Each structure stands twice: as structure tokens, then as C-alpha cells.
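One chain, subunit A, links the two complexes that follow: it is found with subunit B in the first and with subunit C in the second.
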Partner chain A sequence: MDAFLAQLWIARWPLFDGFLLTIGISVAAIVLGTLVGAVVGISLVFAPKLARLPFVVYVDVMRGTPVLVLILAAFYIPAVLGLSLSATQAGVLALALFAGAHIGELLRGALQAIPPGQAEAGRAIGLTFPQLLAHVLLPQAVRMALPPWINTGVELIKGSSLLSMIGVGELLLRTQEVIGRNFMTIQFYVFAGLAYLLVNVVLDTIGRTIERRLGTR
Partner chain B sequence: MSDAAARPLLEIRGLKKSFGDVEVLKGVDLAVRPSEVVTIIGSSGSGKTTLLRCVNLLEEFQGGAIVLDGETIGYGEAGGRRRRLRDAELSRQRAMTGMVFQSFNLFPHLSALGNVMLGLRKVRRMAKDEARTLAADWLNRVGLGNRLDNVPSQLSGGQQQRVAIARALAMNPKLVLLDEITSALDPELVQEVLSVIRRIAADGATLLIVTHEMRFAREVSDRIVFMEKGRIAEEGPPSEIFGAARSARLAEFLRNSGH
Partner chain C sequence: MNYALHFGAVWASFDKLLSGLAIGLGLAVAAVAIGCLLGILSAFASVSKLRLLRMVSGFYVLIIRNTPLLVLVLLAYFALPSAGIRLDKYESFIASLALYSGAYLTEVFRAGLLSVPKGIVEAARAIGLTRLQTNLHVVAPVMLRNVLPSLGNTFIGMFKDSSIAAAIAIPELTFEARKINVDTFRVVETWTVASGLYIAACFTIAFLLRRLERRFPKF
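So, the complex of A and B:
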């Protein structure tokens, strides 16, 4: 144990940097993914049929593809097209596109679960469509979509570890590098695993608290 | 009747509406004068609720015209063709009428006050304080002055429906549409809602009502319209409609409604 603690102390800064990058990547992906998902979800419900098609295809493709394949695609395809993305940028792009499809789909479900009388009541008092969306439909949909949204956040944090495959120095890659120096394989993998677990438990707790606050009306 | 009342506030001409192949309104003509209370009765499927929803532009219609306060609503002409108006125009025209629904349709994430304030703030563009005062005033008038901050799930059906009435009336609409507003209520809660309607009718609101409460219809209405199979079959003052002289079909309908 002492030996492990000594090695941990030596490796504290690389690991801490990796941890921060994991958090940073995840936050960036969930923020971008939520923006994409909002557009996708609203379009899937309200856009004219033909305009909906590209969003349907996007969601199906993203949900049917393994995250690792998305990450490799985001890493290699832009290079072929002459775009230069850093490994981190490519990774965030892949995770954001993945999250966008999932969040779009869960927002669609939530919007469609709102009774049609809600939109009619909003229309009846003279709200325009954007006002109806902003003040009647989205507030209700967001409440419903919040628990699965938190879940997507947890998936992203775990999924960010796959970015180690394209050389992004996040927590898992840093851990592997440390193991490469001290060969304490099990100890450091367990340590990294606990770090992921800790973040996800915190996130989950936040989600449950918000859920309870909002109540089940 | 004063001179101002000579022109109808609402004029429906030859209204036709189909859902797919099923024609539910087959040419309806109806005029409502300012401050008049008109009640539409008829068996379910006669098209009375659809008529109300067309007036509030919640339904599209294929033929005829609806003129509200001199303005043709819902449709315009572009290049010689009949065209549904754009969202912003429809919204502006919908705000001229208020509608109360059978199933209340209160916004569950907003308090009673919030429900009434939303239209005042976003559609009437009132300042927050002004909207709050007016909303509280209306909730007071429907007897819910002590329930301003309750959300719909904390209110009884009758209370929810009274909030919905306040929400519609606070917008100061030219015409109020009431669509079977007591049908979803427990029997003991019906009267508290109807008494609110009696009061706003007495205050001079123009009401177009669909109801199954025959006693209420008789008492509150200036005119009764009996609809059957998508057409107006008979209309007249309550004394006439509920009196002895009437068609066999109307007589049968009234008998079945327990009148």
C-alpha cells in the first residue's frame, strides 16, 4: 500500500490533469450534445415530414454505431477531407454527435408525451409557436427528460475513456502511462475506476435530487 | 338592442369542415351579436365542438368563412387561392377569442397565477406587476383569491376549471368559447363553475357555449342552436326551443337529455 501511495504521489499531477480533461471533455460534449439534441428533438416532432428525414437518419445512424467507431471516424475522416482537428477536438465532436442523437430522441419522446390539450390551451390564449414552445411545451418536456438526460451524461463520462484510443490524454490514457512506468497495473486501474465511479455517483445524486425537487406532478 | 349591437360580433357563413372523408360540418351559418349568449346543443357527433374549435382556429376548415368583429379569420387570399394565414396572424386572431376546454388544460408547471399571467405577459405584453395584479383580480372574481400560488395538481376539478375561466377572461377577449366545461367535473362541482359563467354573462360577455347542461342552457342563453349531423337544425330563444313547439328530432334529443 505504501508503495502504491508513493507512486500515486509521484504521478499525482498527470493523473489530475487527465481527470480534469475527462471532466472537460464530458462537459463540452454534453453541452454541445444538448444543443444538437434540442434542435433534433424539436425538429423530429414539429418539422414537416420531409424536413424531418435527415434528423431521423442522423439519429438512427448515431444510435446504431458503436461509440468507438464514431470516435475513430471523427479522428480519421476530417483529416482525409483536409480539416485538421486535434485528437481532443475530434473526440469531443464524436461524443457530442453521439449525445445529440440520444438527447434528441429523448426530447422527442418527452414532447410527444405532453397531452395535445396543452398546445391547444397555449394556442387559444394567442401564443405564437416559439412562445408555446418556450413557455408551455419545453418546460414540461425538460422535466420529463431530465432523468434520462443525466443518464446520458453518465454515459458520456464513461465513453470519454474511449478517447484514449486516439491519444487524448484523459484519465484512462494518463493512468496507462503511469502503469507503463511503475507496473502497478491493478492498483492504478482500480484507482481510475474509482475516480470514474465517484464522478458518476455525484452526477447521479444531483440528478435524483433535482428529480425529487421537481416532484412527480 | 343598441345600434352597436346591430352588427354581429361573430358571423359564420357556410362553414364546411371534413376530417378526411368524413364531413362533420356541412355548411353552418350562425351570427352572434355583442353581449349575446348563444348555446349550441345537440347529440355527440353533431359537430358542435368542432364548430367551436374552428372559431378558435384550432381546426382548419375547407369551406365557408368566419368573420370576427369585421375581420375574416384563419384564411386569406394569395394569388386568387384560399390560403391558411401564417402562425403570427393566427395567433393574433386567436387572442381575440378566449376558450375554455372540457379537460381544463391548465399548464401543470405553472401556479394558478402563472397560468393566468402567461398570456397577459407574452401576448398582451403587460408589465409583470400589471399582469400579476390583473391575474390576481380575475382569480379573485372566480373565487380563488386564496389559491394564487397553488399548482393545478393541488386544485380540485372545479377549481382548475375556474382558473381556466380566469385565464381566458383575463385576456379580455371579444368572444368567449366554452366547450363542455362541466362535462369532466364531478356532479357536486358543476354548480360552482356554472355560477361563475352566469356572472360573466350578466357582466355582458359574449359567449358561445357548448353544453349538455340543459337547465343551465335554458337559464343563461339568449338563443339556443340545435345542431344535428353537421347542420343547424333549429334555433330560437330558450322558451321556444325548450317549449312545446318543436321538431320531432329536437323533442327526441331533449327527451334523451333528460329535459
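So, the complex of A and C:
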């Protein structure tokens, strides 16, 4: 244990940097993913049938492909198309596209769960579509989609560990580098696992609390 | 943008991709089969009267669901040997995916258990079935039918997660795709085909499950 603590002290800054990068990547991915998901979710419900098609395809492709394949594809493909993305940018792109599809589906489900009478009532009193969305539908849908949205955040933090495979120096890759130096495999993998666990349990608890609060309404 | 598509290089190794797909499916089937056992046990523990059992089940789900699968996989493959447990890469991956899926399946089966109508349990007890008989002949069949949709979704999720086996050099679909990608530099084609195969597999599984569900009436 003392040996581990000594090694941990030596490795504290790389691991801390990795941890911050993990958080940063996940935050960037959920912010971008939420923007994409909002457009996708609203389009899936309200766009005319033909305009809906590309969104349906997008969601199905993203949800039928493993995140790791998305990450590898985002890492290799942009270069041959003449875009130069860093590994981190490629990883954030992949995670954001993945999250966008999931959040889009969440929002679609939530929007469709609102009784149609409300939208009709809103139209009847003369609300424009943006007004209807902003004042009637979205407040309810967001409330419904909030717990699973936080869950998507947990999935993203877990998914960000896959970026270690394309050389992004997030927590897991930093951990592997440290292990490569001191061979304390169990100790440092468990340590990394606990770090992920801690962040995710906090998020999970927030999600459950919100769910319980909303459930009693 | 100067990129001409040439799928030839990918078709030349298409058999490798297919065998990779088969390996991925095999890993997922083995892991989910074990995971179902873990999940059912843990689900029964989670509704048990004993507080200790509920806590064990709760901790299991909490810890595994909030840890990245890749960390579990690396831990099982690289770290367990130094604790004296030596598994080959297939065994260690199946073990970690089973442990991982077990946590998700706990919640699936738990919801299934709670979905069994109280009346039929009471009826079974009333005609003199023991508690074990009730669970075996009444609760289990109804629960299994009710969880079929979410069980299928979990299986599809675990099949997608089998791509992580590429991290420990198991030659499944993602690993083979990355190899073809690096060997031929037909980047766009490789990942399009690989992703297409995953999507086709997922949709086929989903389709088959839907048919299975229709064969058995919902309780």
C-alpha cells in the first residue's frame, strides 16, 4: 500500500490531467450532443415525413454502431477527406454524434408522450410553432427526458475511456502509461475504475433524485 | 476532397470481417448467458426480505454500471494474472462482459419480477405450491416473457460492446476492420462496411426478437 501511495504521488499530475481531460471531453460531448439531439428530436416529431428520413437514418446508424467503431471512424476518416482533426477532437466528434442520436430519441419519446390535445390547444389560442414549442411542449418534454439525459452523461464518461485507444491522453491512457512505468497493474486500474465510479455515482445520484422528485408530481 | 471509393480491398478481406462478426456474436451470447444467471440471482436478491442480500445486489449494480467496460476488461486481462488468476483473452473478456451485462440484466429481471401480477402468485400459493414451486413454475415463466423486449435490447447492447474486445486483440469485427484499415488505407470503405455489418446484425437480432415476442402472448 505504501509503495502504491508513493507511486500515486509521483503520478499525481498526469493522472489529474487525464481526469480533467475525461471530464472536459464528456462535457463537450454532452453539450454538442444535446444541441444535435434537440434538432433531431424535434425534427423526428414535427418535420414532414420526407424531411424526417435523414434523421431516422442518422439515429439508426448511430445506435446500431458500437461507440468504439464510431470513434475509430471519426479518427481515421476525416484525414482522408482533407480535414485535420486532433485525436481529441475526433473523439469528441464521435461521442457527440453518438450522444446526439440518443438524446434525439429521448426527446422524441418525451415529446410524443405529451397528450396531442395540448399542442392543439396551443395552436387554437394562436401560438406560433416556436412559441408552442418554447412555452408548452419543451418544458414538459425536458422534465421527462432529464433523468435519462443524465444517464447519457454517465454513458459518455464511460465511453470517453475508449478514446484511450486512439491515443487521447484521458484518464485511462494516463493510467496505462503509469502502469507501464511501475507495473502496479491491479492498483492503478482499480484506482482509475474508482475515479470513474465516483464521478458517475454522483451523476447517477443526481439523476435518481431528480427522477424521484418528478415522479411525485 | 480527393477520394475515390474502392471497395475491392475491403471485399477481399470480407470473410475476415464476417468471422469477426461471428466471434463478436459468440462473445455476446456466452457473456449474456452467464450474465442472465447473475442477473436473475441478483434480481431475486434485490427483492429479498434480507437487507444484506438487497445491499449486495445494489452495490453490484451500482459499481458495475458506473465503471467503464474497458477498465473492467483491462483489469480482468492484465491485472488478474498478478493476483494469480490467469485467464486467456477470450475467457477474460467473456468474464468481464458477463459481469457487466449481469448488472444491466439485474435491473431488467428486477422489473420483470415486479411486473408479475400479485394475483397469480397468490393463486399459486393458494393451490398449495411451495414458494420454490411458485417461483419456478409461475413467477419465472411470466417474468421471462415480460422481460423479453428489454432482454433483447440488452443483448444488442452487449453485442455492440463486444467491439471492445479489440482492445485485447481478440480478432472480432472491430479488430479486423482496424487491421484492414491500417493495411489498405481504404479508410472510408472499411468503416462503412464494418458499421454496416454491425447495423445489419443489430437489426436482424431485433427483427428475430420481435417475431419471438409475437409468438408468445404478453402476460
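Here is the rule we go by: the second predicted complex is superposed on the first by the 212 of 217 C-alpha atoms of A that agree within 3 Å, B and C clash if a C-alpha of one lies under 4 Å from a C-alpha of the other, contacts with A are read in each partner's own complex, and residues count from 1 in each chain.
Following the convention adopted for this analysis, a residue touches a chain if its C-beta (ideal position, glycine included) is under 8 Å from a C-beta of that chain, and two chains touch if they have at least 3 such contacts.
As the structure is a computational prediction, the values presented were derived from the model and not from experiment.
Asker: Thinking of the overlay built on chain A, is A:H135 touched by subunit B (first), by subunit C (second), by both, or by neither?
Answerer: A:H135 sits against subunit B, while subunit C stays out of touch.
Asker: In the superposed arrangement, does A:D60 touch subunit B (first), subunit C (second), both or neither?
Answerer: Second partner only, subunit C.
Asker: Classify the contacts of A:N200 with the two partner chains as first (subunit B alone), second (subunit C alone), both, or neither.
Answerer: A:N200: touches subunit C, not subunit B.
Asker: So in the superposed three-chain picture, is A:R123 touching just subunit B, just subunit C, both, or none of them (first/second/both/neither)?
Answerer: first
Asker: Just to be sure I read the superposition right, which of the two partners does A:R52 touch: subunit B = first, subunit C = second, or both, or neither?
Answerer: neither
Asker: Which partner reaches more residues of subunit A, subunit B or subunit C?
Answerer: Touching more of subunit A: C.
Asker: Mind sorting out which residues of subunit A both subunit B and subunit C touch, each in its own complex?
Answerer: Correct list for subunit A: none, the interfaces share no residue.
Asker: Where on subunit C is subunit A touching in the complex?
Answerer: 1-3, 62-63, 65-72, 74-75, 78-80, 82-83, 160-164, 166-167, 174, 177-178, 181, 185, 187-188, 191, 194-195, 198-199, 202-203
Asker: Subunit A touches which residues of subunit B in the complex?
Answerer: These residues of subunit B touch subunit A: 56-58, 87-88, 91-92, 94-95, 97-99, 101, 103, 105-109, 118-119, 122-123, 151, 153, 164, 167-168, 171.
Asker: Across the complex, what residues on subunit A touch subunit B?
Answerer: That would be residues 115, 117-118, 120-129, 131, 135-136, 139-140, 143, 217 of subunit A.
Asker: Going by the contact rule at the top, pick out the subunit A residues touching subunit C in the complex.
Answerer: Within the complex, subunit A contacts subunit C at residues 60-61, 63-70, 72-73, 76-77, 79-82, 154, 157-159, 161-162, 164-165, 172, 176, 179, 185-186, 189-190, 192-193, 196-197, 200-201, 204.
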